[in-house]
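In what follows, subunit A forms one complex with subunit B and a second complex with subunit C.
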Partner chain A sequence: MLRSLCAEWRKTRRRFDGLLLLLVAGTALLMGVGGAPDSLQELACGYSAIFYTLPIVHGLVMPVGMAALCSRLWDEETRSNTAKLLFTLQSRGDFFAAKTLLGLFDLLVLAGLEAVGLLAMGRLYAFTEALDVGQLVWLLAGGMAVEAVLFAAFTLLQLRFGSPVVLLGVGLGCSMCGFFLAMLADIGGMAAPVLYAVPFTWFLPLSGMRMEWDAAARRAVYLPQPRQYALLAAALGLCLLLTLWGRHAVAGKEV
Partner chain B sequence: MQNVVMTSGLCKAYGSRTAVQGLDLCVPYGSVYGFIGPNGAGKTTTMKLLLGLIHPTSGSIRLLDEELTPQSRLKILSRTGSLIESPSYYAHLTAAENLQLVAGLKGAEAKDVVRVLDIVRLTPDARRKVGQFSLGMRQRLGIAMALLGWPTLLILDEPTNGLDPAGIQEMRALLAEMPRRCGATVLISSHLLSELEQIVDHVGILNKGRLLYQGPLAGLQQHSRGDVALRLLHPALAAPVLKSAGLAGLAREERGEVVLPPLKEAFLADLVGSLAAAGAGVVGVSCRSRSLEEIFLSLTKADGETGVV
Partner chain C sequence: MFLKALWRSIRAEDSKLRGARVWAVFFLIPLLSAAYGTFSFCYNSATVTRDWNGLWGQHTLYYALFFFAPMAAIYAAWLWRLEHLGHNWTLVLSMPVPPLCLVLAKLAATFKLALFTQMWMWLLFFGCGKLWAGLPGVPPAACLLWALRGAVAAVPVLALQLLLSMLWRGFAPPVLLALLGGVVGFLFVSNGWGLYWPYGLLVLGMNANQGYDLLAGQAPPFAAACAGFTFLFCAAAGAWLKRRDIA
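Let's turn to the complex of A and B:
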């Protein structure tokens, strides 16, 4: 297993996965933060606003981001036809596990980059709101769980079709669909039940914040919402199921 | 002699199409075994079966004195090197990095990378990205990967595919010296017998998934004798003798000689005696040797008609 992991690590050389992660995290943060806060009120709820908008942006960015990440990890094996060599050198289980662990490591790095970026934004704009570490951890955990589901699903697609074009196409479709549903859910709770039926939109129900419009003060008010631990567990369960399915597909694959 | 590869009744079917049927392969230790057959004969399928890349429909495989099972597979394959169809490589990595990656998975020492680079004459290009390599260089890199970790058995599937004549010559020289330099048994496939006849000592001829001949290369030539040419003083007197021997319709005349199809030695001896007794004046008997290519073609063409070697 360790050998397989080392081999996967060696393959990352000159593959610039880090740049891709930086691009995805940067895009999500910039879209999530939007413009610079221009009032004391906005500075007073700076972190809360990001905790609320970031899951919506995740719904748009992450399907494409995960498709790109997954295709970088798997497509080189398809393009170079390396399976017939690798499967004689290591067990298929180890090969798949190493790829999956590297993917999870990438997700951790992505979450880390987002956390660092978020703190940097807070410093840059001098948010007056104190950072709620619990909310930050929940945001990252919920995001990672859904990203892991997406990653596992795209792995299956890659194993089935062996084409990055299919992955990116599906990723783009998921992004559009996710963002559309998130917007509908945002407008008076429309389509909210649908969000639960579509796993790649679980970013929103897993969000720790909700927004209400204070018409009198003409400003948005951000309020913590109950954390949906059951949904988080469901996301992790689904991810596990898809991963086992992928492992089974690799184990039975004739090359 | 012990066999490094032994299969028994090996079959592989894809739906209703049978790619390999009832294959009993025996590759002796220390040999360079040429696995020859036309395109689609089942060579690659057999090699993939030997490496556990595909699962047999029925039959068993013994490699390096051990039964190949899902449990024993990796242990056995740690002592083999392979190149199937086309070389596998990561284009964004250098040749040395590719080899280090494979060496790491094989558990080979890092210095082994230097050794195999030297064998395949890629040392000057070790730090170049493989994406910039020519096809021949990639093939050599594939061979180098197979050689990592001092394998006891090398399984190479058409390693000269896509190479130009100079590249084929170079690859042939490289493979011919493998047993001496690395002490490995080599199982190598090709659809051209002429390509391998200079380097192999054993051959297996495969067609439509069935083994038509297996054994030493010399045996193949001996087993498949060529036409017999008789130089006679009085050819006209030979006609009744040939007719009584059942060869009347098979004999033909070429440049003053009576040419007969391949005959068994005892039958030929009797025939020569009868011709001499009839006064035909036998002044010369020669067996025309057929090239291996002709033998291969006659074997693969005969398959399905008579099956006679």
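Let's turn to the complex of A and C:
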């Protein structure tokens, strides 16, 4: 197992996975934060606004991001058609587990990059609101859980089709659907029940913050909302299920 | 001689698109965008004007900002994919075809796809407007012009994506860069600098989510920006290919 993990780690050296993660985190933060706050009111709820918008942005960016990450992890095997050879040279279970562990490590790095970026934004724009560490941890945990589901689902697609076009195409479609459902849920709560039925939109119900429009003061008010631990557990369960399915698919691959 | 080689290269690139999986992306993404755009148009009847221009705004808002550039990136990455497989680069570089021909042929093939995408998007816009939103009459000619302008604006984006996909052996990173480019393009356009960023040209060209023509009186600078960026990226790709050694 350790040898498989070392082999996978060596493959990352010339792949610049870090740059890819930086791209995903940078895109999400750029969209989530947008321009600089232009009023004292906005500075006073700077972190809360990001905690609210970032899950919506995740719904748009992460399906494509996870498709890209998964495609990247399997890139060498796909391009040079060496997966079948590797299945005969090393334990298939270890091979798949090493890829999965590396993917999870990448998700951790992604969450770390987002946390650092978020804190840097707070410093840069001098938010006057104190950072709620609990909200930050919940945002990262919820995001990582859904990203892990997406990663496991894309791994299955990769094993089935072996083509990055399918992964990226499905990722783009999921991004579009996720973002639209998030917007619909946002404008009238009309898609809210649908969000629970579509796992790649779970970023939104897992959000720790909601927004209400104060028409009298003409400003957005951000309020904490109950944390859905059951949905987080469901995400982790689904991720485990998809991973086991992927492992089974690898075990049954013909060479 | 150059034109003959270019024509042969274009036909070779065209053959890569026959039965390719990118056609699924071509059909589905504009379809999803049209479904959302029309739904949003019908739902927001209080805030969106009930005419073809209002529907155009809803159809193109997110399509131009976030989805068209990654689609173009998938087209470009697909056409370089074969070269990145195995030892195909050696074969490609040893063929008696000028390097620039290869780049221009790929640009022509992807432009054809982008043009078809825009036409498909316009057909969906027309169909959704008539059958779903129940709008009277036909769309104004300006909407067709904006769709075609979107295809023109796609040329520099395709040239850039072809350059990125050529340099980066992986399929996915250039697609992610296109998504980031679209987001940055939005910031450029909102600050009035859309002409200076290739991805911003898509928003300007398609007149995304605007009731008035964003390019009124600015057609020459828009055309110059498209031509300039395209020349720059194609020249860079051609120069890089010329210098690349056979491995």
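A few notes on this one:
The rule we apply is simple: the second predicted complex is superposed on the first by the 254 of 255 C-alpha atoms of A that agree within 3 Å, B and C clash if a C-alpha of one lies under 4 Å from a C-alpha of the other, contacts with A are read in each partner's own complex, and residues count from 1 in each chain.
Keep this in mind: a residue touches a chain if its C-beta (ideal position, glycine included) is under 8 Å from a C-beta of that chain, and two chains touch if they have at least 3 such contacts.
The structure displayed is predicted, hence computed values, not measured ones.
Contacts of A:A68 after superposition: subunit C is touched, whereas subunit B is not reached. By the document's definition of touching, neither partner reaches A:V194: not subunit B, not subunit C. Legend: residue contacts after superposition of the two complexes on their common chain; A:L60 is shown touching subunit C, with no touch to subunit B. Applying the stated contact rule after C-alpha superposition, one finds that A:A233 touches neither subunit B nor subunit C. Legend: residue contacts after superposition of the two complexes on their common chain; A:V166 is shown touching subunit C, with no touch to subunit B. Legend: residue contacts after superposition of the two complexes on their common chain; A:S80 is shown touching both subunit B and subunit C.
In the superposition on chain A, contact of A:L124 is made with neither subunit B nor subunit C.
For subunit A, the partner touching the most residues, choosing from subunit B and subunit C, is C.
In the superposition on chain A, contact of A:R15 is made with both subunit B and subunit C. Taken together, the two complexes place residues 15, 79-80 of subunit A in contact with subunit B and also with subunit C. Residues 48, 51-55, 74, 77, 80, 82, 84-86, 88-93, 97, 100-102, 104-107, 145 of subunit B touch subunit A in their complex. Residues 3-4, 6-7, 10-11, 13-15, 76, 79-91, 254-255 of subunit A touch subunit B in their complex.
Those residues of subunit C that touch subunit A in the complex are listed here as 20-22, 24-25, 28-29, 32-33, 36, 39-40, 43-44, 62, 66-67, 70-71, 74, 77-78, 81, 84-86, 169-173, 175-177, 179-180, 183-184, 187, 190. Contacts from subunit A toward subunit C in the complex involve residues 15, 19-20, 23-24, 26-27, 30-31, 34-35, 60-61, 64-65, 67-69, 71-72, 75, 79-80, 163-169, 172-173, 175-177, 179-180, 183-184, 187-188, 190.
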